[in-house]
Amino acid sequence: MDTIEKKDLIDIFGEIKIIMANNRDNLIELDSVMGDGDLGLTMEKSFAAAAETANTIEDADLGKFIMKIGMAMAKAAPSTMGTLMATGFMKGGKVLAGKEELTINDIAQFFRAFSDGIMAAGKTKPGNKTIVDALDPTATALENAAENNKSIVDGLSDAYQAALKGVEDSKPMKAQHGRAAYYQDKSIGVQDPGATAGALLLQGFYNAVSK
Amino acid sequence: MDTIEKKDLIDIFGEIKIIMANNRDNLIELDSVMGDGDLGLTMEKSFAAAAETANTIEDADLGKFIMKIGMAMAKAAPSTMGTLMATGFMKGGKVLAGKEELTINDIAQFFRAFSDGIMAAGKTKPGNKTIVDALDPTATALENAAENNKSIVDGLSDAYQAALKGVEDSKPMKAQHGRAAYYQDKSIGVQDPGATAGALLLQGFYNAVSK
Amino acid sequence: MKKIMNKAENFVDEMLEGILAAHPKELKITNDDLRCIVSANKTDKKVGIATGGGSGHLPLFLGYVGDGMLDGCSVGGVFQSPSADQMLEVTKAIDSGAGVLYIYGNYGGDILNFDMATEMAEMEDIKVVSVVAGEDVASAPKGEEGKRRGVAGIFYAFKIAGAKADELASLEEVQRVAQKAADNVRTMGVALTPCIVPEVGKPSFTLDETEMEIGMGIHGEPGIRRGALQSADDIVDEMLFPILEDLPYVEGDEVSVLINGLGATPKEEMYIMYRRINQVLNERGITVFKVYIGEFATSMEMAGASISILKLDDELKTLLAKPAHTPFFEQKQL
Amino acid sequence: MKKIMNKAENFVDEMLEGILAAHPKELKITNDDLRCIVSANKTDKKVGIATGGGSGHLPLFLGYVGDGMLDGCSVGGVFQSPSADQMLEVTKAIDSGAGVLYIYGNYGGDILNFDMATEMAEMEDIKVVSVVAGEDVASAPKGEEGKRRGVAGIFYAFKIAGAKADELASLEEVQRVAQKAADNVRTMGVALTPCIVPEVGKPSFTLDETEMEIGMGIHGEPGIRRGALQSADDIVDEMLFPILEDLPYVEGDEVSVLINGLGATPKEEMYIMYRRINQVLNERGITVFKVYIGEFATSMEMAGASISILKLDDELKTLLAKPAHTPFFEQKQL
């Protein structure tokens, strides 16, 4: 697989939907520790809407296609992570405007815009124990893969690994945003549910392309 | 003892005060079954105020003396029984107006007015499971005693026995007034706290004169 | 007992101190007695309207003292009547020569004391008449209306009487409309949890975690059915149908609906109740002129709610629509 | 979970149906979406004011939509932000060309969605500015005001902004006074019991029968001290002193005080609290212009209360004194 086409994207969204549904209880549990416990439900809802939209919209322009999915997600689950994921897809889609197939380079650009879009919306940066701590290393891994002319499968494999490592690395961080921030030092050592959702997103991309 | 004088009345109120205080928990328990459980507290308060007033007011006119005690009681505890007892003393005092000593005949009139006053205020009659079921027989007993020229001690002994019998007789009645009435048939067989307080009142009169 | 209070024996007086401190322009006391509350505004020639009753039901009773409603209120201990003496002091303070109307709930202790106060007021040459509100259909069957407890529906008698008195109507006229309001309202309630009288320190009854009691009174008087907590729609039906059949309220009637929270029940739940009430009234062709939803007659921290329906005619409607302004209740002209 | 409701998943929508049925002359929806509530009255050339936020806090947020306050509100699930899309629909409905001010609480999900709505509104050529209210001194230390949660004090921003907008002031002016109100209010709360999100079905935290938590948020966010329930006076002092020191409020200041019940706490207890607040303010030479006591920002059936103090200047005082009329809040001209 040298490029990702629309049908591949549909598969990817199908895969993420399943993964989020399978991990619902796990995310609920993680978000219950220092949050309101809704993350499993909202991710399930968001990506169910994403997969449904992917199956129904017509656009050949993959940029528009992804942006519309983002907009559908924003409606589906307006929680923090629901909105941030939606923002990521909208901002990531924007940089793909006009493209009908995506190279490893495009995918790297997509994830950089995705991660930067979340940072801008969330007024945050790496190191604050958020989804960004999974997504920023993801984007970097994809940029490296593109530079080294890696295949899409290998690039997304690196990216998924980077996201998983990002989740681990964020454990010792102190939460600065959202409900977890109210817990101050008590958040240190706890796994961030948003970063976890970020890694699951990458798992979906990787699983779908490596099938 | 052929007549009751002011000093005797002061003794009587002192005695009732002690009896009500001693029976506080018993009255609370009785009133808790189908009422709000305050009767012990209000009777203690009412008769403490009565005894205090008896000790401090000047009137030689025993009618006025007793009416003033009733007014003090009305202020002290405005619960149902507090107000009814106060009404009883006010109405009973009225018929003694001008008297400086009381014969058995006066005492009979006093209790008849006391009982009738409560009936009027409470819009009730004998048989409705109230204090009237203790006081109406009391008045009758005193009227009989007066007719038969009994002594005050004997008359009040009869009256006290009649009140106790009234309490017993009221057990099978169904409550028609106050909080107990909400319990309808469930009130049948239960001892009426108000009638009990009526009997304690008579016990106070009897104890004081037979000392 | 989880209450924000200091010593239990000071519960009522400290509450009153807080109320007077918070609303100094609207309320004052008479006879130097904290428990004798009167409006700071006195209108010449107006019939004075007084109420009174036990504490623990805010905004009932004193919360309705203010412009367009009541002129004074005597305040008892928690769930206890004030004394006749205190009622008399309020009566004296609010009488401006046009006489005084007492409106109070149908409870033994209150009746005895208001009756005694009436006698005392007459001795002071103040003309006093009374309206005793009793509209809880759960508390006595049809035909025995005189035995019914007064609950949240008394709000309507206050509102209607206050509006009429503001027209400088005679004592008889004010009494007549208050009685009309009292006669045309019906109420039924449901309790989900008990409340605690501060000085007692424990609930006077208990309800299981899944139980409710339909028809329970605002002092915890026994209701008509205890059972498993039902859905909002079923609870409403169980309260509303007997209300509608009692007066009865029929097609073509125009009404005002009042949903009263007993203390701990949030407005969210009351509006879910109203959704069903609205459906039923629509189905029966009964029109709603004005809806009141909130806390009007509480039992401190008791959870539960009551539904009151007032049947309107043109006179009641006009009077209900008049503005009112008290520290606890505001309404602009409807 | 003892709630008067039907299916938990319908809690919010059925509540909204009830609200719309009860107040048809005052409120309507836009875009055919129950969760997009707007005032039935639209004033030409007036700045539109919108809020939005999770359900479970009545009268917050939609309860302040009405004359003299807000023009619209998007409604989220219980303790959940509404979507940017819904915010946009409300924005479109209430804009009359003068622009729209968003006033909402400082919570991550709400910020993200209102930011997104702002971008979307700009694409539709509607000018939007925001005031983010955050005044809970227990939620972040002085110097980090930007991290503080918005709680009951947001009421003042709504009231002040609404009064200013009624003068047909510019968007910048309305934003300025709303921000001034938000900047001059401080709040602290205490929780006595948890509340239950209907779809969750169990409390997200527990408090022992004798425990309280000072500084807890209205979604159960952790407070600053958990301990044995204290006396009302001590609880007030533990909340009021940090508030007064924070802004700070000093001798000669004139303020408005708001005591907000979280849901299950009766007014009796709130007035006992006010008694102490009044003592402390008197001692410190701080004058009280207006007191609000009741439920302004609740957590469904949570027991507890918060104290908010707004420091007034002539401008804020004049605007606070203006009348307002919504289905949940009425005030005549002070």
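By letter and in written order, the chains are A, B, C and D; residue numbering begins at 1 in each of them.
Everything below uses one rule, namely that a contact is a pair of C-beta atoms (placed from the backbone, for glycine too) under 8 Å apart; a residue touches a chain by one contact, two chains touch by 3 or more.
Keep in mind the model is a prediction, meaning the values are calculated, not measured.
Asker: Tell me which chains count as touching both chain C and chain D.
Answerer: Intersection of chain C and chain D contact lists gives nothing.
Asker: By mean C-alpha position, what chain is farthest away from chain C?
Answerer: A
Asker: How far is the middle of chain A from the middle of chain D, if each middle is the mean of its Cα atoms, in Å?
Answerer: 33
Asker: Which integer distance in Å separates the CA centroid of chain B from that of chain D?
Answerer: 57
Asker: Please set out, as single numbers or ranges, the residues of chain D touching at least two other chains.
Answerer: Within chain D, no residue touches at least two other chains.
Asker: Counting only residues that touch at least 2 other chains, which ones in chain A make the list?
Answerer: Residues: none.
Asker: Building nodes from the protein chains and edges from chain pairs that touch, which of line, ring, star, complete or other describes the result?
Answerer: Here the contact pattern is a line, an open path with two ends.
Asker: All pairs of touching chains?
Answerer: Touching chain pairs, listed by label, come out as A-D, B-C, C-D.
Asker: Residues of chain A touching chain D in their complex?
Answerer: For this pair, the touching residues of chain A are 32, 36-38, 71, 74-75, 78-80, 83-84, 86-87, 121-123, 177-179, 181-183.
Asker: Spell out the residues on chain C that touch chain D in their complex, using ranges where they run on.
Answerer: Those in contact with chain D are residues 2-6, 11, 14-19, 21-23, 55-56, 58-59, 63, 190, 192-193, 209-210, 212, 229, 231-233, 235, 263-275, 278, 291, 293, 295, 298, 300-301, 303, 305, 323, 325, 328, 330-332.
Asker: Looking at the complex, which residues from chain D come into contact with chain A?
Answerer: Chain D reaches chain A through residues 76, 79-86, 108-109, 111-113, 115-116, 139, 147, 197, 200, 204, 217, 219, 221-222.
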